[in-house]
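Below is one structure, written out as structure tokens; comments come after it.
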Amino acid sequence: MPYDVKDIDLAPSGERSIDWAMRHMPVLANVRERFSDEKLFEGITVGTSLHIESTTAVFLLTLQEGGAELAVTGSNPLSTVDKVAAALADKGINVYAWRGENEEEYYRNIEKTLDHEPDFLIDDGADLISYAHSEKGDILSKIRGGSEETTTGVKRLRAMHKKNALEIPIIAVNDTPAKRLFDNRFGTGESTVNAVMSITNSMIAGKNVIVVGFGPVGQGIAMRTDGLGADVTVIETDPIRALEAAMQGFRVTNMDEASKYGDIFITATGNYKVIGKEHFEKMKDGAILCNSGHFNVEVDLEGLEEISTESREILEDIKEYKLEDGRKLHVLAEGRLVNLAGEKSLGHPAEIMDMSFALQALSLEHMVKNDLPVKVHEVPAEIDRKVAQLKLEAMNIEIEELTKEQMEYEESWKLGT
Amino acid sequence: MPYDVKDIDLAPSGERSIDWAMRHMPVLANVRERFSDEKLFEGITVGTSLHIESTTAVFLLTLQEGGAELAVTGSNPLSTVDKVAAALADKGINVYAWRGENEEEYYRNIEKTLDHEPDFLIDDGADLISYAHSEKGDILSKIRGGSEETTTGVKRLRAMHKKNALEIPIIAVNDTPAKRLFDNRFGTGESTVNAVMSITNSMIAGKNVIVVGFGPVGQGIAMRTDGLGADVTVIETDPIRALEAAMQGFRVTNMDEASKYGDIFITATGNYKVIGKEHFEKMKDGAILCNSGHFNVEVDLEGLEEISTESREILEDIKEYKLEDGRKLHVLAEGRLVNLAGEKSLGHPAEIMDMSFALQALSLEHMVKNDLPVKVHEVPAEIDRKVAQLKLEAMNIEIEELTKEQMEYEESWKLGT
Amino acid sequence: MPYDVKDIDLAPSGERSIDWAMRHMPVLANVRERFSDEKLFEGITVGTSLHIESTTAVFLLTLQEGGAELAVTGSNPLSTVDKVAAALADKGINVYAWRGENEEEYYRNIEKTLDHEPDFLIDDGADLISYAHSEKGDILSKIRGGSEETTTGVKRLRAMHKKNALEIPIIAVNDTPAKRLFDNRFGTGESTVNAVMSITNSMIAGKNVIVVGFGPVGQGIAMRTDGLGADVTVIETDPIRALEAAMQGFRVTNMDEASKYGDIFITATGNYKVIGKEHFEKMKDGAILCNSGHFNVEVDLEGLEEISTESREILEDIKEYKLEDGRKLHVLAEGRLVNLAGEKSLGHPAEIMDMSFALQALSLEHMVKNDLPVKVHEVPAEIDRKVAQLKLEAMNIEIEELTKEQMEYEESWKLGT
Amino acid sequence: MPYDVKDIDLAPSGERSIDWAMRHMPVLANVRERFSDEKLFEGITVGTSLHIESTTAVFLLTLQEGGAELAVTGSNPLSTVDKVAAALADKGINVYAWRGENEEEYYRNIEKTLDHEPDFLIDDGADLISYAHSEKGDILSKIRGGSEETTTGVKRLRAMHKKNALEIPIIAVNDTPAKRLFDNRFGTGESTVNAVMSITNSMIAGKNVIVVGFGPVGQGIAMRTDGLGADVTVIETDPIRALEAAMQGFRVTNMDEASKYGDIFITATGNYKVIGKEHFEKMKDGAILCNSGHFNVEVDLEGLEEISTESREILEDIKEYKLEDGRKLHVLAEGRLVNLAGEKSLGHPAEIMDMSFALQALSLEHMVKNDLPVKVHEVPAEIDRKVAQLKLEAMNIEIEELTKEQMEYEESWKLGT
């Protein structure tokens, strides 16, 4: 069984952390039990590009229980947890990933994953699917479908489809209400504040936190930094979202203005160079910058490098840039997604990944059972609903049910004032 | 000029309150100015069924500035503010409405409104449009379109359309992001807590508040009662919404359980008998019940009457029901929408109605300029966006703009990790 | 039985509102029952200067149940609720108060109250006690003690004592933890936001609210406007309080800066002219100003009048001041404490007054049973604790109890790491 | 220069983390500069028992700059950061501490610290001062004073003084408003949630968090877990605090009830066995328990061990206890203060320690300059105020100042309604 990990001897330690994650993933446990009975994926190879950490492992083992053969690589050069990769390799999964890959290694591992000629691709950021399209035309025809986890990835795949470049059906797992509400908002919100606190040991309370972007991810970050006592400012380009932020009591302004008083800047736009040279020039000495969007392009690091006289890592995952006038700016985790890419970053809590991966697992089942046309599909609403129900059950929450009369009322229209 | 109001002498006092509202409606002021120049509505008659209060008056005067002839009735027997109705009549608008209409009067006033043979209908709850369909087939063919303001009304009209009963095109003003986010959530949230406080002078802090329904309206109420220090419980039938409530820190359970400990119950489901006999039986002595949904059917008042030994109004808009075992339950504003129907209820803040009525005004313009097919249409996205932009300008908020490079980035897909 | 009220025929209506308040005052109900048995106050006359509204009535009736003879006046020319005054008169209490007294009438009513030669004084703002000292030296020696309800009043009485001008023992009811935490913070916070919303029907969400003063009252207002979605700025002169506000996520700055962007200003400092000419000059057109401090001196109305070209009441309790450059500023309820002085202001929720008046009632009992030396006393801690316990019981909350072992642990010191 | 640390070679790495902390401690920087000029502590030896981490190092170096000779040990067997201890040793400070001392080593290190015959003691938990009293009578007479940082320590020292066992003057640094508000509440609140998230990677949002104790520490934890989306329950024995918690919207009940539904329990009472066998018996499978109080006695670990069939560390700082019926309970960081004792625990953010240590530094200066009588003293109010002012300056916050007129107004009492 081929694999390429940092150190296979880390397997036992990785296994313990997978075990801990498993305890907080009751929805996936429910799914795993059924898959184990049904062996639905026998004879099927699944290639994945995902952040390799304990919760992902629980997902991969769920597919394995269902009979799938797996070929696995990371979705970010810094986000692989080596002990988890080792534990997966030890369990017979073909893993090609380690923390700190350079760009060449990163793409070589994607290549190796695709060499297994997977039937389905599961992606986080669309690197795997893009690469299959641009570099592996030979195996593309064999691939029956793929799913994509992130906002950024879905955006890329939609853009591909618009240009007629997409050749396999995709399920946009990112786009379900459950994913947007829980993973993007609550998950990223919580893991981002935890990462910032853990990397910097800097106070959130009393700080001017500038959240750039008020999509689900930015909303989550704004909500949680507010909940920790920060004075939160929101930067948005969409007027409806900007207004929503204002009505929730956030200060709303533009980057030029916010650059002058921000203590901590967190980007979550999915766009690029949203913090650039013109903003660095205005910032306070000691400002902290980080990113929770998928790619490391939101903070213009090249621009920052250009206007700096020197830069050095002063603490793990904190890089100091010294500007000509002596001000120092601090960039966390190289501007990569801070909740995953830092050494102390933990990624989403297991409870969140429980839902996201259950959506993935059930979406894969849906693709296996149905032949989908080539386009970007939404997750069927009943899958979304099912996952939410299982989660509520796991939380011991009984919700109200509509009576027959009430369902009829929903349909009627003649009842008036 | 025909009208039918409580007391025309109230006009000057009504005018002052319209003047005050106008100061807080800058978006509509912007629209009014343009309409006044363009006289777009000349020769057109508009029939409306709306809650007649100062902000509605600002809207109606905006249409009048644009050249429209207006025929106006209320959308709820208890929500008309008589001094405002008088001021409108005084300004040459055909008003048929007063606070405290009985059912017969309510429908007679709808009838009179339709007698003006309007070209367009603007509705709040769909009573006017329904009535035109069921009782005024003769004038129906003349009507070019209608718009509907509420969740409930849109639901009714969609149900009509599903049964092929709809004969005019409708714009669902309720369904825009701006309306849902701002009017339903922020507007109803704020006006509901204000109404409950004003009617009862009862503390919100420290109370167990049970919010029944977690759509935009219920979310707003939950958010604001939480912000005032209540321990909020949410009742929902939809698992995704229920889970969202739980992740926001609300207690989520079913009505049976919540009935035992709730101090204040507020319904916002759009459904009927969501609080019924089986729940009254479990409630604490002194519990307060009210409704923010469109119709007065959410609390089962007939059922409550049946199990009560006596009932009386003990304070304005507070009716006490005495149960056999001596417990007393209190229903506010006869179970009608509490933020509008109570004597002290003020309806939405003017700032909110500013946006909702600007959407209405621009949607009417859209219908006048375009011949729409018969169905329930969404508000064009650019109208929604425009209203949000005007609002931000009025709030002195400058938002960030995408650069040309960033817009291109949004379209691209080849940039990778 | 002498009295002087607006209209004795309002008594039945007043009685109903007292009845409603009584249902939300379970602690006082508990006390009243005991007083009724013990008739502790027989032969004793109590003179009071309090805001005459339904909850105060419940308190006064509690003393009457205990056997006291009562002479009662208001503590603010605008805060008397006439129907409540009528109901009290009807129940044999000597009431001298009506809404809208001029200054002469206000002091004449104080005079009449003192003419009953009370044994004890209960005061709210210290006008009654001050007047007894400065104008009624003849009866002063007969007075056995007094109690004072407010921060401002206690400050005045402490200042008197410092100058050796105080001649009777005082219990500072204001100064207990229970009063500061619940009445000043939660009570004023909630009733102030309700009053501002009711008077203006203006949105709180999305507004820049400037809270001037961050003592318990200001904290309550900041907490509640924040909870309603405002972007709250705090103005303070004390560095520790200012820092606390900052750490809670509020924007903290000085009045000059805040004057430029505030939409709604609320004062709660206990000091004078905290908003003055230099600030009015900087304010935005349409700004709203109001006060929750005891006296109407916090907003410099004389200064505002001087720089205005005209002023008029444009809506009930909203006075518009037009400045030379055309900007309009709006002052609510004449700058008097907005949660009590407006026609729509309801004062504290009954649940709060339940505690404050229970403290008053038990403090009066304490003074009757003990001869206190002349100075400003604190409420005995056991009274404070007792009131909190009764309240928790009324809320059905069972709290944890220390075991005997745990009490011993509290005393020990040898147990180490 | 004697020292005893884990590994002196860690010094460079420790120095970098001290450097990072220094950037977030501007108040202490201000003090250090002055001390460096004044060399006030020359010839003086200071013995300290403090959590040895980067911020403490900044404090110790501040005293060293002032000329002090230092002898240093840890205040908890698990809280020493070895690289920081190494860096201090490298800078000529006598350090006796490492992470993971056993009890014997812990007390031996205290002994060695006292062997330097310090003039002043600075303590965190009162172990050093207690030990000096009980075991080192010989050097006690030489000690001129001490200061104590924690609630628990001050309680112990007050108990000692009550029994006439205290022989040196103590300044209770814990008891200043600045310390209670900022360190205990904001500092512990933030560092506790961060530690729980970092150790468990478990979601806070949607969880039932049970906060045991609602003093400043418990308030901070409740505020922050609420801000992260938990449904927070508060357990208290004091009725006033319990009522305050209820009015802030927290659920308040007793331990028996909360034990049934809690997901995460956090103790902060300063008392012992507040979670005991009778509670473990009722808990849900998977419940997480931890402590933020000073000593590891709040969760009854002996009791838990007794009723468990086995226990093991399943992840770093997570110990699983398996009960007879198969339920598993998880205790974090051995029940020691979770924000300091875990491997991933970071202690208070530097910004908080900046204030606490500035209070310590200025209190030491106060003791050096004044001969205090033997008792537990409060920190002079002007020191507290000074520290808050310096902090506000460092945050670029300008606060409002009282005018001369306003100061006079504060003193006056004749101004009336």
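Each chain carries a letter (A, B, C and D) given by its place in the written order, and its residues are counted from 1.
The definition used in the following text is that a residue touches a chain if its C-beta (ideal position, glycine included) is under 8 Å from a C-beta of that chain, and two chains touch if they have at least 3 such contacts.
A quick map from chain label to UniProt name: A, B, C, D = Adenosylhomocysteinase.
Not measured: the values here are computed from a predicted model.
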**OP:** With one step meaning two chains touch, work out the least steps from chain B (Adenosylhomocysteinase) to chain D (Adenosylhomocysteinase).
**Re:** 1
Subject >> Comparison of B-C and C-D by number of C-beta pairs in contact, larger one >> reply: C-D
Subject >> chain A (Adenosylhomocysteinase) and chain C (Adenosylhomocysteinase), separation of their C-alpha mean positions in angstrom >> reply: 52
**OP:** Go ahead and note the Å separation of the Cα centroids belonging to chain C (Adenosylhomocysteinase) and chain D (Adenosylhomocysteinase).
**Re:** 38
Original post:
Between chain B (Adenosylhomocysteinase) and chain C (Adenosylhomocysteinase), what is the separation of their C-alpha centroids in Å?
Top reply: 36
Subject >> Multi-chain contact residues (two or more partners), chain D (Adenosylhomocysteinase) >> reply: 186, 205-206, 226, 229, 243, 246-247, 395
**OP:** Name, in rising order, each residue of chain B (Adenosylhomocysteinase) that touches chain D (Adenosylhomocysteinase) in their complex.
**Re:** 205-206, 226, 229-232, 243, 246-251
Subject >> Touch list for chain B (Adenosylhomocysteinase) against partner chain C (Adenosylhomocysteinase), complex >> reply: 16-17, 19-21, 23-24, 54, 186, 190, 193-194, 197-198, 201-206, 223-224, 226-229, 261, 286, 314-315, 318, 344, 346-347, 349-352, 395-396
Original post:
So in the complex, which bits of chain D (Adenosylhomocysteinase) are touching chain C (Adenosylhomocysteinase)?
Top reply: 75-77, 103, 106, 125-127, 130, 134, 155-157, 159-160, 163, 165, 177-178, 181-182, 186, 235-237, 239-240, 242-244, 246-247, 252-255, 257, 271-274, 295-297, 384-385, 388-389, 391-392, 395, 397-402, 405-406, 409-417
